[in-house]
Amino acid sequence: MSINTYGHLFRVTTWGESHGPALGATVDGCPPGIPLDAAQLQQWLDRRKPGQNRYTTQRREADEVEILSGVFEGVTTGTPIQLMIRNTDQRSKDYGEIAETFRPGHADITYWQKYGIRDYRGGGRSSARETAARVAAGGVARAALAALVPGLSLRAYMVQIGPHRIDRDRFDWDEVERNPFWTPDAQAAEVWAGYLDDLRKSGNSAGAAVELCLSGVPVGLGAPVYGKLDTDLAAAMMSINAVKGVEIGEGMNAAALTGEDNADEISMGPDGPVYGSNRSGGILGGISTGQDIVVRFAVKPTSSILKPRATITKGGAPTEIITKGRHDPCVGIRAVPVAEAMAAAVILDHLLLDRGQTGGVRGRIG
Amino acid sequence: MSINTYGHLFRVTTWGESHGPALGATVDGCPPGIPLDAAQLQQWLDRRKPGQNRYTTQRREADEVEILSGVFEGVTTGTPIQLMIRNTDQRSKDYGEIAETFRPGHADITYWQKYGIRDYRGGGRSSARETAARVAAGGVARAALAALVPGLSLRAYMVQIGPHRIDRDRFDWDEVERNPFWTPDAQAAEVWAGYLDDLRKSGNSAGAAVELCLSGVPVGLGAPVYGKLDTDLAAAMMSINAVKGVEIGEGMNAAALTGEDNADEISMGPDGPVYGSNRSGGILGGISTGQDIVVRFAVKPTSSILKPRATITKGGAPTEIITKGRHDPCVGIRAVPVAEAMAAAVILDHLLLDRGQTGGVRGRIG
Amino acid sequence: MSINTYGHLFRVTTWGESHGPALGATVDGCPPGIPLDAAQLQQWLDRRKPGQNRYTTQRREADEVEILSGVFEGVTTGTPIQLMIRNTDQRSKDYGEIAETFRPGHADITYWQKYGIRDYRGGGRSSARETAARVAAGGVARAALAALVPGLSLRAYMVQIGPHRIDRDRFDWDEVERNPFWTPDAQAAEVWAGYLDDLRKSGNSAGAAVELCLSGVPVGLGAPVYGKLDTDLAAAMMSINAVKGVEIGEGMNAAALTGEDNADEISMGPDGPVYGSNRSGGILGGISTGQDIVVRFAVKPTSSILKPRATITKGGAPTEIITKGRHDPCVGIRAVPVAEAMAAAVILDHLLLDRGQTGGVRGRIG
Amino acid sequence: MSINTYGHLFRVTTWGESHGPALGATVDGCPPGIPLDAAQLQQWLDRRKPGQNRYTTQRREADEVEILSGVFEGVTTGTPIQLMIRNTDQRSKDYGEIAETFRPGHADITYWQKYGIRDYRGGGRSSARETAARVAAGGVARAALAALVPGLSLRAYMVQIGPHRIDRDRFDWDEVERNPFWTPDAQAAEVWAGYLDDLRKSGNSAGAAVELCLSGVPVGLGAPVYGKLDTDLAAAMMSINAVKGVEIGEGMNAAALTGEDNADEISMGPDGPVYGSNRSGGILGGISTGQDIVVRFAVKPTSSILKPRATITKGGAPTEIITKGRHDPCVGIRAVPVAEAMAAAVILDHLLLDRGQTGGVRGRIG
């Protein structure tokens, strides 16, 4: 990860502010010959698009992506792909107060202190709107993965909102697309609906936890010691706005385990090694085992709330702020498609890295 | 992070295997004119050195670091600094069995599958021994930070072993150096001693959680959107062997909070903004606030245990393995100095990045 | 330089094809607080713009640059700056034949062989049109340099077209802006006019050599051993389309010198060291000396000519090609503003790198 | 190229000073399974070794390379390879004067000005001795290329010393190994011997030009627009000490050509396209054509000479310097094996990059 770029070989640089003319992503290093068009990318953007239900911001953005380069006659050419999304619903008047006053829990103050200038309109560069560009870029990665690793699936889903976690016994993949929270637990969706309605009415917001499950990732991706697959996945998730923690497999709970419990026992299956459990989350020594890769992360609650909070102005005067405007009561919800997009980019990047270094040769077992 | 390198401007590439002739770190981009000698680095290595108490591996390594380049007449020259540590206690005979059999929960199998070759002696490149090189490199970063940011302190300490967490009410900085676990809670140290003695006797091992507290970090470090300070800290910790989860500030608990609770209120102090709480862990929008930076991570239990676990051989035959040899009953303990070293490198790197891009200019408040 | 990006801290990624909807540059790492607007960038683009005289392609492009991000209230914010130039004059019908037939001396064949797909319209990604994006990005670098190094000047000029070189005794800076070749030798301009008129009539084209003179570059820029200032300048020039050779100072002629002749003698002036000559071209050991930095490069003749040349089709059939359409009889002319843009980016990048690593501290002399 | 590293996937970081304890190279990203041992690397180092004839420095260095990591049971493991060469013949007393006085034409002054500290012993980091590390690293690249591209040959040879160029009509590959200048023109070798004897006696030194011919490079290597094969080769050569100019194919002479002359006509051969000439030097649009890649570069004369030159001391006092000690009368001679090593690294790097991005798929012709 360099300043505004992620990836080693498949490199994405996002650009743009919430209320500027446009935002987008420059995607470099995509393999050539991959079928790609804007409609394909649009499907992913539509999942992230605000204003689709009462649990996300009511800002209305078409979020229409244009491909400006790198695709010819329907396939990628191997040259940089520029993806642009015009900003259309920029009610700048909503944001007058935050030009002068720092929202607690928000990047307003640090951007100001670091740069001595910030585009305060809608959070500028630090707006969650930046993630639209990630989703578009992730769509390119998905297209390449679909061509290169046919069986791969990348799915994220919500596992916690506020204090309420899902019940793993009720886990049902089919539920994920049926509720506004992308959760596999229908009952949790109901609980969360009530919880968020209450919070929204009182001008408050909620944190959330999202889980990613990547199935069909080939064995051997990841480059120890620093370009580890888990390192890069953790960095990718931590780079999403408002994320405060990332876990692979057992995650923080690994601290509580014994070595005996933690060891995923191995046996020989018809197609290679088979594991008796997946506490590792599909990664050992930074390299994929071929099991499901499981990543979890926590998103802090939206800091733009109607509850008054003590703060200061640019001039240093004490004041209180309540943030009007259209904000997500639970910004974690829209992190679900963002997480999938980031994971797609990381997996494709490591696929290319691996075939670059090793040529895809594998040590045989059996 | 590229394959075996971390950092943007202050770049560290570690090299070496557990049982090869030597291991070390190539440190590039260090500022010139920093006082540095081997004795200074040795103090940090001595903290990580195995065999110091019964809770770490009984392997005896002098872990003596030599500076081969980049230092002249006692100060850094701005050219690459090569740090080498000779391996002296290589009982290769201990590792015969793992040449043919994969330890569950260990990188043995994935290295083999990825590369088709691995130095199996003592875990080769995936050995925790690699972290000695990180500690040496971190010592260089500490020396530079001491010169550039006099008030900075970087301290890690143990907060959990197995199911037993510290009690924050008993937190005492002075305790940290008094017990073999580097924990601020003297009572926890006693509990852990008993817990680990039992585990060790039964040939088992324990996970752990380590916390880092960085005080005196200047405001304005970190480069959104991808080169965020929290992203780079998370990547740095996740790259340490056996780490499975990383948290900044509230971490995974942020999911359970409301926006009202999470907002660290701001007031104006004599030297600038003052925060009423530190749920953010000292980072907002990827940029340091000037508060303490708080990072936590979980280390899984050592996978080399005496408890028999089902596995397979390279030939694909089912078998059981018990790993003799000298292993850490709780590898998390030695992660404490490693975490400090990694944090030092990240902070220095971002300090250089920031003065490169902004020249250290800051937006004024008040 | 990574695949489509140049720079270490000030990083530019260009994107776009000759006949796609747009092309542009993603500029990352610009210092914040730099005054910048589109009009400023436009002045540099207007110098490179085709169709301004009979020695450049008659394609008419407005080459209007839009700033889509990274600038707020007239100054840079420190976040990525997206520069977009719409393609407006895309006569794709001109390019039918080259879809199937490879132009000798052109990248047609290698793009096809490498990627299995290419946007053949107007040369696609390999078109000299890509350099418009470099000029726009270079304008950002110039703006930052104007703020950070007030006395700096970056000037390129033509020193050779075909076999005709300038006479150094007639060197006159004022002439550079008075002739269509940006040459300091008015007589050479006349010779070249006649030479190119003849070539153009016969459907042929000419090579050229361009020189850069960078005055006022601070002492101490450049990072040995591989991030040398001359290495990065050479790479920047070599990356421009059609460039086949690069020289610093004496360049290839250095082979013919003795050590006695080559040593630029040093004396002490009122403001520091003064050099008796500048055979080094202002760089010693990869680091700027404070003298003028002198870079020279050769541009091969345009490969799209009306002279018939033997070639093959995609199907492997032998054929002859003559390239109609609107092409530069001497593409080297438009390389002049491109060279200035690339040099500006390299100098700014090294300025940021240097203050990142050293903080701008300098060893004193005297 | 970052500060002290070159390469994208196959990355080499050299370290060490002329008179420190050792120097070496950290080689990251090497494919696994490549047969490698120290003897193999030694053969290349022995070619570069000083003191072999009267035209190179009389310093005697064994230049014995040790492999400290990354090789197991005779093959590479895919992890970092550390190559170390101990300095054995460090007559530091020879270098007393240059601690205080700057040699004209040498990096003494710029290192001092940039860093405020320099290891002046033997030129420290700026010594040509650094290139021993490049040769060792290049040996690793050669071993990998031998496995991956069996027909590849990488050969450098001298084409000019002082004002005396070779006669291309006398070009004889067999001569290259028969004379101390690695030149294919036996008569030139005689002329140079006399020329250098005279210069050496008078305490002077000579510049030189070296040419590289890379045969059997696969079609399709190189990554436009900035990671071009020619860009990376030019950067690699320009990064070698004392190099002042680099040419690909026609090089600077391309300025003098017409488009008609410059176009290498294409016909169809039994195994694909065949070119009627090679003015491009085997690279079009930054991508290899499959023809011989031809690179040429000029090396300035050694700046450490016995002829007195005017200069200043650190204190700013005017003085004259004559540099005693053991110096190369023509440092370009030892650049021959260095150029081969750098080229090997670049070609391997691009081979890995290409198979990473494209998987080695190629557009078919015919």
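When the chains are written out, they are named A, B, C and D in that same order, and each has its own residue count from 1.
To be clear about the criterion, contacts are C-beta pairs under 8 Å (C-beta built on N, C-alpha and C of every residue); 3 or more make two chains touch, one makes a residue touch a chain.
What you see is a predicted model, and the numbers here were worked out from it, not measured in a lab.
S.K.: Between chain C and chain A, is it the same set of residue numbers doing the touching on each side, over half shared, or a different set?
M.R.: Mostly the same residues.
S.K.: Thinking of C-D, which of B-C, A-C or A-B forms a repeat of its interface, with over half the contact pairs identical?
M.R.: A-B
S.K.: Roughly how far is chain A from chain D, centre to centre by C-alpha average, rounded to an integer in Å?
M.R.: Taking the mean C-alpha position of each chain, the two centres sit 45 Å apart.
S.K.: Chain B to chain D: how many Å between their CA centres?
M.R.: Computed from C-alpha means, the inter-chain centre distance equals 38 Å.
S.K.: At least two other chains touched by the same residue of chain B: list those residues.
M.R.: 2-5, 14, 29, 32-33, 78-79, 114-118, 125, 224, 353, 357-358, 361
S.K.: Determine the shape of the graph in which chains are vertices and touching pairs are edges (line, ring, star, complete, other).
M.R.: Graph shape, chains as nodes and touching pairs as edges: complete.
S.K.: Which bits of chain B are touching chain D when the two form their complex?
M.R.: 2-5, 11, 13-17, 20-24, 26, 28-29, 32-33, 66, 68-70, 72-73, 75-82, 84, 114-119, 124-125
S.K.: Chain B touches which residues of chain A in the complex?
M.R.: Within the complex, chain A touches chain B at residues 1-6, 8, 14, 102-107, 109-118, 125-126, 130, 160-163, 199, 204-209, 219-220, 222-228, 230-232, 234-235, 238-239, 241, 244-268, 273, 276, 279-281, 283-289, 296, 298-305, 307, 309-312, 314-318, 332, 353-354, 357-358, 361-366.
S.K.: For chain C, which residues are in contact with chain B within the complex?
M.R.: Chain C reaches chain B through residues 9, 29-33, 78-79, 148, 224-225, 352-353, 355-359, 361.
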